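Below are the structure tokens for one structure; questions will follow.
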Amino acid sequence: MKISARNKIPGTITAITPGAVNGTVKVEIAGGTILTSSITEEAIEELGLAPGDAVTVIIKASDLLIGK
Amino acid sequence: MKISARNKIPGTITAITPGAVNGTVKVEIAGGTILTSSITEEAIEELGLAPGDAVTVIIKASDLLIGK
Amino acid sequence: MKISARNKIPGTITAITPGAVNGTVKVEIAGGTILTSSITEEAIEELGLAPGDAVTVIIKASDLLIGK
Amino acid sequence: MKISARNKIPGTITAITPGAVNGTVKVEIAGGTILTSSITEEAIEELGLAPGDAVTVIIKASDLLIGK
Amino acid sequence: MKISARNKIPGTITAITPGAVNGTVKVEIAGGTILTSSITEEAIEELGLAPGDAVTVIIKASDLLIGK
Amino acid sequence: MKISARNKIPGTITAITPGAVNGTVKVEIAGGTILTSSITEEAIEELGLAPGDAVTVIIKASDLLIGK
């Protein structure tokens, strides 16, 4: 399945912080930038996410702000 | 001013596609990935965005999906 | 690839309205409800979306409001 | 009051998972698809949400991705 | 119908900029701040929005960033 | 740094509710309206947010719904 989201950034999970309902997933991308994703615990478990996993960060074009 | 958004990715504008109300801004980041941001034409003009500009892409943690 | 988004609704495209930068895609789901998605023209072209296509509408859990 | 959001899906709450700040609300819609909404605990309490409630899931057009 | 969104700001429409698919609606709120909403043309027409209208700006809690 | 977000509302923090991963920040704006922002605990700590702080609430134009 192809997805309409315009932004797909490859990276590696470096840390996961669990919570009751949502958890945060840290992903290191090229250049050493660390991204932070807040997703449901249910998603973290269903995808079996763990540090070291190669993942793709997916973001819709309307969610990107520009700072200059 | 510091901003609460957890994701700040440095990059360079490679292209801008104008529209009536919204335009798209393409930003190349480390590793050669091209990001696409859909923002208002008003913002593009107010910030004076143009190809070659060094910018920061800013995204709230709750807007990042993970694919694995 | 599995995606962390919690909401995946199967449906059929009934109409597409093109724009300069963004277009809208209408998708009929079970029960006859018509959903409206605003995505980039670039995505509409890349996925080759057309009326009659079977698609999946994908939405992050943090983007659903509840009315009662 | 009419609301600009283009997507309004009727359904029935099947489960609520409480958290410290946010909770998740599961809503079954036509066709048996279960949607997951992550909203504040404050909203869950103010609306008095409970399993069995008939509700409307509301989503802005710019938050719907398409997969094909 | 009550809605789960935590943010409801009363204001008055000062301007509308139409586009092919999306338009922008400017709303003046208390203190003289002008807000900008990007919604579908379809919603602008369905609600019959026009300058001078008293409206409520509605925003989900997960969409507010804080700058300090 | 200037940011593309079209909505910047000045206000004062009145309360913070901490959670494991996300917390809520209440901000009073002109006219006495109280806004609610759901952001990461990490952001609350990094910005050192506390009741009484003068802050700016920042919201992207595509995240504002209109009710009439």
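Labels A, B, C, D, E and F are assigned to the chains in the order they are written; within every chain, residues are numbered from 1.
FYI, a contact is a pair of C-beta atoms (placed from the backbone, for glycine too) under 8 Å apart; a residue touches a chain by one contact, two chains touch by 3 or more.
Chain identities (UniProt): A, B, C, D, E, F = TOBE domain-containing protein.
For clarity, every value in this text was computed on a predicted model and none was experimentally measured.
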Type of chain A:chain D copy interface by residue overlap (half), same or different: different
Repeat of interface C-E, chosen from A-D, B-F or A-C - more than half of residue-number contact pairs shared: A-D
Chain whose mean Cα position lies farthest from chain D: B
Between chain F and chain D, distance of the C-alpha-averaged centres to the nearest whole Å: 23
Chain D and chain E, separation of their C-alpha mean positions in angstrom: 21
Separation of chain A from chain B, taking each centre as the mean of its C-alpha atoms, in whole Å: 17
Of all residues in chain D, the ones touching two or more other chains: 1-6, 19-20, 22, 24, 36-40, 42-43, 47, 56, 58, 60-63, 65-68
In the complex with chain C, residue positions of chain E that touch it: 1-5, 19-22, 40, 42, 60, 62
Chain F partner contacts - residues on chain A that touch it in the complex: 17-20, 22-24, 36, 38, 62-63, 65-68
Touch list for chain C against partner chain A, complex: 1-6, 37-40, 42-44, 46-47, 56, 58, 60-62
Contact set on chain E toward chain F in their complex: 5-10, 24-25, 27, 29-33, 35-39, 43, 47-49, 53-68
